[in-house]
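What follows is chain A paired twice: with chain B in the first complex and chain C in the second.
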Partner chain A sequence: GLKTLHLGSCVITTNLQGIRSGFSEIRDSVQAKDEIIDIRILRKTQFLQGTKPADQCCLLHHILRLYLDRVFKNYQPPDHHIFRKVSRLANSLLTIKKDLRLCHAHMSCPCGEEAKEKYSQILSHFEELPPQAAAVKALGELDILLRWMEEV
Partner chain B sequence: HITEDTSDLLQHVKFQSSNFENILTWDGKLESAPDTVYSVQYKTYGEGEWLEKEGCQRITRKSCNLTVETSNLTELYYARVTAIDGAGRSATKMTNRFSPLQDTNIKPPDVTCIPKVRSIQMNVHPPYTVIRARNGHQLTLENIFQDLRYHFNLRINHTYQMHFERKQRKFEFFGLTPDTEFHGTVMICIPNLFKESAPYECQVKTLPDRTWT
Partner chain C sequence: DGVAVLPAPQNLSMQSTNMKHVLTWSPVIVPEEIIRYSVEYQGEYESLYTSHIWIPSSWCSPTQRPECDITEDITATVSYSLRVRATLGSLTSAWSTLKHRFNQNSTILTPPGMEITMDGFHLLIKLEDLGPHFEFFVFYWRREPGAKEHVKVVRPGVLPVYLETVEPGAAYCVKARTFVKAIGRHSAFSRTECVKVQGEALPL
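Moving on to the complex of A and B:
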């Protein structure tokens, strides 16, 4: 069912289980396309859990924006089945991002130094790769992002 | 330059995992020549180096225990096998990305079913895993999966069964008929990761009622 994410003073409810179910259906085929297994974009040092609660909302907000603006847009699904699954995942993350934007509007999603530093590290890992390869890798790492959210 | 197709030497390289006991398995050629040897390497996703698994170099069996090497639950792993046959032909194949948390199967729980006159008590023994905390303490599945639930089930007759879902490991079905056979099952469920163990099953008979009526 639904899970409540406490991100500092920003509290949102989301269906992580549904998102994970959708991802698990395409996980092996998406990850198999990621041939650069020496590089990981979402690394433990940028863990959401290890981030100061007040900064968690901002960090997650920026990560979701990266996924929506540069992962789902650049990802070229190999077939219609994957396309439908990926579209549903994108819509789910868009919903979460909208909720975080509401928190932002209500001043409960501040961007401290820690959030900025961690996000810039993630972005630099992402930009080490060509856009298409980065999109494939980031999509394959959605299970890491989901676990970060589950453990918040 | 014609490269010879050696894919027949090696197939289905994958992890088989139960309660975090992670065994790498593979298949060789159907009529695999006895002199085909296999060597295993593993690596953590995101790191550069492939590491050789000691004890699984130039082996003839088709499995290798990588439990210790893949015991960090927050990491993701790959393994690969290289097969070399007697004629010197070789093939290398890699697993999918392996996530211990997502990919391990859950074994049925170990349960003691205790019949009484008008009830049956089911006690699940702590589901220990091979995973140890930093302090050396052996972790149970409950330590690892916060949303773990036990599904207790008792079939009363062909049409009626009782079913309860709980976090606790002990449950007692009350209001039963003395001296009667019942079929009980207990399963472990982890909703977040859509995991469910096979059921533990017990066939048990309530005690006869010897009280004077």
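Moving on to the complex of A and C:
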């Protein structure tokens, strides 16, 4: 059902279960296309739960922006079925990002050094790869991001 | 075919009830010809980030009927744009786009159908199956002054539901409403239904 995410003083609810079920329908297909096995974009060291609460909202906000701006945009779905499933994920994550933007507007989504540092590490891993390959890898790692959110 | 230009479908309209979303339009008529239609959609993400991209609907690309069940395509609580065009052989019409974007949180939620039954001294309720989005809040009480109202949350697919063990000679009332988590809304209450239990009331 609905999951409430406590990200410091930013509290949002989201249908993580629905997003996870949508992702599980395409995970194998997406991950099978990821040929670069020695690089990982989302690493345990940057996970949300290990981030101090005050910075969690900002870190998640930036990660979601990365997915919306550069992952879903650059991902080339092999067929209409995958295309629809990816659209569902993109629109669901957009809903979360809109909620985080509300927190930002209410000054409850500050960006401290830890969030900036962790996000820049993620970005540098992401930018080690060509855009298409990075999009495929990051989409395949969406279950890591979902697990981060489930653990918060 | 004698048709230079195929007119675009008109009067696009969305009917959404209990999270079932159907797009309808006026048929394009060309005598003695079969017209096919294609429906496409864009979520808020596509509109904002990839506005040139439209996604063919799951069931209506193409279809011969002037309507399309897009329930499976509307999978997030964001606003969606929808468009339709007609096709006759190699001729295609212009796209017609639904005037107002559609969000599933505007769906009409109707009070649930329900049936109260007794199994011996067990009060049971059978609820209308409305699909995976729906939970039911069932309120029931013994019909007597100062009686306490009980609530039971029923998940989709659980039928029939035991409510309470009743006493002979007493009367019990039940009402229910639906709740859809994805949009955070519930329906109005159903009518209240009461049942009288057979037999003599137990001595106090």
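Heads up, the rule we're going with is that the second predicted complex is superposed on the first by the 152 of 152 C-alpha atoms of A that agree within 3 Å, B and C clash if a C-alpha of one lies under 4 Å from a C-alpha of the other, contacts with A are read in each partner's own complex, and residues count from 1 in each chain.
One rule holds for everything that comes next: a residue touches a chain if its C-beta (ideal position, glycine included) is under 8 Å from a C-beta of that chain, and two chains touch if they have at least 3 such contacts.
Everything numeric in this text was worked out from a predicted model, so none of it was measured.
Colleague: Are chain B and chain C a fit on chain A, or do they clash, once the structures share the same frame?
Modeller: Overlaying the two complexes on chain A (C-alpha atoms) leaves chain C and chain B fitting together cleanly.
Colleague: Check whether A:Lys52 is in contact with chain B, with chain C, with both or with neither, and answer first, second, both or neither.
Modeller: Touch partners of A:Lys52: none, neither chain B nor chain C.
Colleague: Have a look at where A:Ile37 lands relative to chain B and chain C in the superposition and call it first, second, both or neither.
Modeller: first
Colleague: To make sure I follow: the centres are taken over C-alpha atoms, the vertex is chain A, the ends are chain B and chain C. What is that angle to the nearest 10 degrees?
Modeller: 80
Colleague: One more residue to check, A:His6. First (chain B), second (chain C), both or neither?
Modeller: After superposing on A, A:His6 lies clear of both chain B and chain C.
Colleague: Could you tell me if A:Arg20 is touching chain B, chain C, both of them or neither one (first, second, both, neither)?
Modeller: first
Colleague: Examine A:His106 and indicate which partner it touches, taking first as chain B and second as chain C; both and neither are also allowed.
Modeller: neither
Colleague: Quote the smallest CA-to-CA distance from chain B to chain C in the superposed model, rounded to whole Å.
Modeller: 8 Å.
Colleague: Overlap of the chain B and chain C footprints on chain A, residue-wise?
Modeller: Overlap of chain B and chain C footprints on chain A: residues 1.
Colleague: Looking at the complex, which residues from chain C come into contact with chain A?
Modeller: 43-46, 48-50, 55-56, 58, 73, 75-78, 181-182
Colleague: Along chain A, where are the residues that touch chain B in the complex?
Modeller: Residues 1, 16-17, 20-21, 24, 27-28, 31-32, 34, 37-40, 43-44, 140, 143-144, 147, 150 of chain A touch chain B in their complex.
Colleague: For chain A, which residues are in contact with chain C within the complex?
Modeller: Touch residues, chain A against chain C: 1-2, 15, 18, 22, 68-69, 72-73, 80, 83-84, 87-88, 90-95.
Colleague: Show me the residue ranges of chain B that touch chain A in the complex, using the header's touch definition.
Modeller: So the residues of chain B touching chain A come out as 43, 45-48, 74, 76, 78, 96-97, 99, 101-102, 191-194.
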